[in-house]
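Scroll down for the structure; my scribbles are underneath it.
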Amino acid sequence: MKRGDGRKKDELRNVRMEVGVLKRADGSAYVEWGNNKVFASVYGPREVIPRFLARNDRAILRCKYNMTPFSVEDRKRPGPDRRSVEIGKVTAGALEPAVILETYPNSMINVNIEVMQADAGTRCAGITAATLALVDAGIPMRDLVSACAAGKANDGIILDLSKEEDNKGQADIPMAIMPRSEEVTLLQMDGILTEDELEEALKLAVGGCKSIYELQKNALMAKYGE
Amino acid sequence: MVSEMDPIASIKKEYINELVAQEKREDDRAFDEHRNIKIIPNYIKKAEGSAYVELGDTKVIVGVKYDAGKPFADIPNQGVMTTSAEFAPMASPEFESGPPGENAIELARVVDRGIRESEAIDTKKLCIIPGEKVYIVFVDIQILDNCGNLIDACGIAAITALLTARMPVYDKDGNPTEEMVPLPLNKIPITCTMVKVNNKLLLDPALDEEKVLDSRITVSTDDDGNIVAMQKGTGGSFKLEEIMEAVKISKEQGKKIREIIKNSIKEEESG
Amino acid sequence: MKRGDGRKKDELRNVRMEVGVLKRADGSAYVEWGNNKVFASVYGPREVIPRFLARNDRAILRCKYNMTPFSVEDRKRPGPDRRSVEIGKVTAGALEPAVILETYPNSMINVNIEVMQADAGTRCAGITAATLALVDAGIPMRDLVSACAAGKANDGIILDLSKEEDNKGQADIPMAIMPRSEEVTLLQMDGILTEDELEEALKLAVGGCKSIYELQKNALMAKYGE
Amino acid sequence: MVSEMDPIASIKKEYINELVAQEKREDDRAFDEHRNIKIIPNYIKKAEGSAYVELGDTKVIVGVKYDAGKPFADIPNQGVMTTSAEFAPMASPEFESGPPGENAIELARVVDRGIRESEAIDTKKLCIIPGEKVYIVFVDIQILDNCGNLIDACGIAAITALLTARMPVYDKDGNPTEEMVPLPLNKIPITCTMVKVNNKLLLDPALDEEKVLDSRITVSTDDDGNIVAMQKGTGGSFKLEEIMEAVKISKEQGKKIREIIKNSIKEEESG
Amino acid sequence: MKRGDGRKKDELRNVRMEVGVLKRADGSAYVEWGNNKVFASVYGPREVIPRFLARNDRAILRCKYNMTPFSVEDRKRPGPDRRSVEIGKVTAGALEPAVILETYPNSMINVNIEVMQADAGTRCAGITAATLALVDAGIPMRDLVSACAAGKANDGIILDLSKEEDNKGQADIPMAIMPRSEEVTLLQMDGILTEDELEEALKLAVGGCKSIYELQKNALMAKYGE
Amino acid sequence: MVSEMDPIASIKKEYINELVAQEKREDDRAFDEHRNIKIIPNYIKKAEGSAYVELGDTKVIVGVKYDAGKPFADIPNQGVMTTSAEFAPMASPEFESGPPGENAIELARVVDRGIRESEAIDTKKLCIIPGEKVYIVFVDIQILDNCGNLIDACGIAAITALLTARMPVYDKDGNPTEEMVPLPLNKIPITCTMVKVNNKLLLDPALDEEKVLDSRITVSTDDDGNIVAMQKGTGGSFKLEEIMEAVKISKEQGKKIREIIKNSIKEEESG
């Protein structure tokens, strides 16, 4: 099978990562993934506002995902839409299992993801960047979280769909895993797949996540390595 | 959805974990069994389509209304479905007035995708005048009583309401006529939700099971056994094998629920 | 005078009531009144949020009235409109005199009314249902509150206007009373009436409220009677 | 409207109740008497109609503006009146910025119904092109100083503003011309509010009386003595006889206020 | 140079001021300036809400500027627009230097400006009225704040632009000063001016502010003078 | 912008005041010197125009997008520019989610006026069909890292983004063609901000300087040395001489920044 941009079925787009790109945030990272440009920042642990959300046995983790008005073809109105709210929620769910929240009871960790340019796969890029920002902020983690999508286009199961493949595609499965245990922490899917196709796609996505994991480790080494 | 881990919640969690270890549930169901399902199709006569659904003690109503409007620029010859959910304060002590929060938004979007992605609705047949006027199909979800697993209850209610929906035929000039026809539906996608508790998958979690869950997964399947949508819920994680097990359970259970829906409509039409 | 649906001038539409229809709520009721389908729930007494609204000599009673998007001919946008806000306010005012708020200082009682199908007279149906839900929740009451409208259509004073009578009607007077004392706790009116017509309509409405009172007692007996 | 029952409020309530028992009011008015009414019609030249009204120390301004817009589908040949009220933080230490709260909404709707239901405005004359273009009449209420009984002050200001309003004549193509004509008003409905304190009806409650009221009732009447709108306010209750007494008081007082309004406009036009 | 309304280049429109026009407010004033009709009220010092805004070394001063829907040619939607928010902010900044905020730590002073009729120069009229309202409320002040605009129209530098001059004008400079020290507390400018023109305009505006100062003193004397 | 006057802030203020008395700044800049400026024009390919700007550690992105829409009634043959700023919580621990607060609104409006009032954009060339269809130019400001003086950073980014912007040519019927042309810009207005600390004017305040400022002033100038916009910020006051000094500094510094912008674009186009 030949893909529009010449990639092999299990080949990622170009991915570039940088840790610690912002000064005010406690932790930050930048991920360029194909034409996606995504920043993530982390603030915390800090006081919980409003207070009644605080939990005495662990920190709470809140995630805001936002796309800038100029990140997409037709200008997007500023402010959260329903898609952004949902992605913020599942992103928090994807990161939580890896963060040792028990370290900071009664406190809050805020993850912010800002998509400057969107080109299919922003939520995976966001989770990948947010993980780096969490490490950069010194938040203790059980494991990294690495994200990558698989899907179906032109009747083939492929990794990391491009915008074009996503638009005309038959299925898209954004996924995130904790690479050492291969536990899945993000899973969404839409499209139409048989059980066998789904299984193939999930396995392909796990492979993609693991490639991302290597790039994450390199980016962290670039900043924190000896 | 886990609230404050107070002592009682902690004891409850231990108790349910222990039950699960003994292959049991509080209400004596099997792990892969839904609570009792009661469906009243066409419950709201003022709506073009509707359904009242009880899933155990959970009670929801879905109403379908039409309007004619502009199509999206990139799909000028297709109608539009839009799904909203209100967590009315009536339904739970935790629900508050105000614009939909993230849980209500996620619910609406998961129910929506379960139907949309299956291509159950032939949206091309919802075009009145290409590029100018199409049907807008509003699917509005109202929660009456939240006793766990809103997703499945609302999924059942939404597809049933769509199956009962009648829409006006428009003439060539784009004006509505008196004639009413069913909504062009060619599938009955079913959405099933499972939670992982103590390393077991429990289908259709009751409220207490939701409160102690480790993680949640939702799988929508169509009449042909295809998977058409999935969503892992907030928190926790799954192994690949667990995901595939959830898919199998959902396919099996989907068949049963599809029959229950069909029968309820048949009964309503004949009775 | 002949009415469109064959009713006599002082005849109610069919009314069906059921108490305790919801599990999560502390109290609940369902009222079907003509084609109106209305649910009411009560939560409380509970903590007052925000706190500064609390009163140290009595509970506060708050009422939310809402119509679902599919309850009316043309879809209604979700969320409160000005009509709903006003009805919530006058409904709270209609219920308050009957509730012994002094029993629960520093606490809050929430009444929620959800109209699933609307067909003229929803506020009276809502007050009737809310009263049953308050009793079901075990809130101490001085008396029930029973509601019914009277009005003028086709130049005649009539009880309990149907949707058709309301649309073309000359006046509508939703009313609620505490039946034992006949004290009026809800009174609104719009239209054009002479003083004599008004007095006739008010008396007719009192009669209607008393019929509703009997049905309320029956519904409570059906659940709580020996 | 009753705020925290603090000791001072409690003493105040006792004091006013006692006064009422002696058939007296703090400002020596009779029970069925309004405070002094001062009206400046046409106060805002930029508005198409306006009035500044003082009712005792209560001060409000109402402005009327026009726009042309689509009619409602069910009344295609009638113009539309829409009434809004802002409780500017200027007017009271209790008012806050933000969208109108339930008290502001109730005020606007009671003032609106007092005018609308009397059919004072001939809305059919507000049609420009049937089904396409009608006048939208915006009645905007601004509170400057809330010293009690906003409803009556705003009711007086609103009908006075409408009486002073001029609207542009549209040509056959639906374009505005230079010609201005008065708004088609054929009645002057008047809204009167009473409170029950210690079992007596007090007309036009001042701020202190509002704070200790047991219940409130508003009655709007037209030039022919018909009742055109009523509203019982939050809390308390009335006997049927009390309601009918309130109706009689409102009819009587309506006549007097109607004359005050007419005279103020006459003076303004001649002066 | 001849101005449309016959004024000289350094001549103000008719300005009328009245102090203490409202009863509920702690302080109030009314300013009629040409066809502008502006009310200002002051509440405070009072409790700070929300509390976290309180400062333990001084009061905070908050200012709300609002135009009524009927104050302008085409009806304005009720509620704050971006222009109003900005004017509220710069007005607070214009008043702050003159208010001895240290007198009332942990408290809040609220200034409300309501424009009933707008006709160019509302923010200067608002600041002028707000200053009178602050004095009327008994808030201790270092000096009054007096405001007036200068600008450029028909190629001439002129004082206090009318609506017509402002619409077709080449520059507008609203300014406020503390008259005794001539310190500038409000300064905005838009248009196109050379450095020399700007300096001329600023000096003209200072003169205008001083004329307003005299009128403010008179208005205060009218209420508080012996 | 001054937050709680805690002991550390108090010490910081003393320290910076002392530095200034010695004619020094924390980062050893001259009083009339900007921090290092880094510009990446055309940073966002999906936008019609864009720029990434670093001003010291402050980082912002501005994107320009077009749409076609109705002109304002009073300027029927002119296009419209509209500027918005989002204080994303990413950029500062003080920024919160939600609609723009007064600081974000002021920033957007000051940046907007700096460009608009200079008449840099020939808005008449942004007319497609007079009275019916004009270009709407959206200038969207996104803050990434707030390390002081957002106004100048955003001003530089906004004008650079506009300079890089290409817009589609419309045919006579008002339909977009494939042809793209630059936005009609005939000036490069530059906005410079100074703060008064210990009676000295410091250009381009860093975060710490912002926190201890006595007052703030912003001056925008054009290529001809004209002043096109000014804004005194919250709090404090200026003498007339100080204002005129600020104007001179802004004119001088404007020239330098104008060159930096031109060079960055030249480099980007050639590289």
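A few notes on this one:
Labels for the chains are A, B, C, D, E and F, by order of writing; each one numbers its residues from 1.
Please note the rule applied: a residue touches a chain if its C-beta (ideal position, glycine included) is under 8 Å from a C-beta of that chain, and two chains touch if they have at least 3 such contacts.
A quick note: this is a predicted structure, and the numbers were derived from the prediction, not measured.
Considering the contact criterion stated above, no chain is in touch with chain C and with chain F alike.
Spacing of chain A relative to chain F, judged by their CA centroids, is 32 angstrom.
Between chain C and chain E, the centres computed from C-alpha atoms are 51 Å apart. Rounded to whole angstrom units, the spacing between the C-alpha centres of chain B and chain F is 48.
Per-chain CA centroids place chain A at a distance of 57 Å from chain D. In chain B, the residues that touch at least two other chains are 100. Residue positions of chain A touching 2 or more other chains: none. One full turn of the ring, starting with chain D and passing chain E second, gives D, E, F, A, B, C.
For chain E in complex with chain F, the residues that touch the partner chain are 55-57, 82-83, 85-86, 88-90, 92-93, 96-97, 173, 178, 181-195, 198-199, 202-203, 206. Of all the residues in chain F, the ones that touch chain A in their complex are 43-47, 50, 57, 59, 61, 63-65, 67, 84, 86, 88-93, 97, 99-100, 138, 140, 142, 144-147. Looking at the complex, you find that chain E touches chain D at residues 22-25, 28, 35, 37, 39-41, 43, 46, 64, 66, 68-75, 78-80, 110, 112, 114, 116-119. By the touch criterion given at the top, residues 4-5, 100, 102-103, 105-106, 108-109, 113, 116-119, 217, 222, 225-240, 243-244, 247-248, 251 of chain F touch chain E in their complex.
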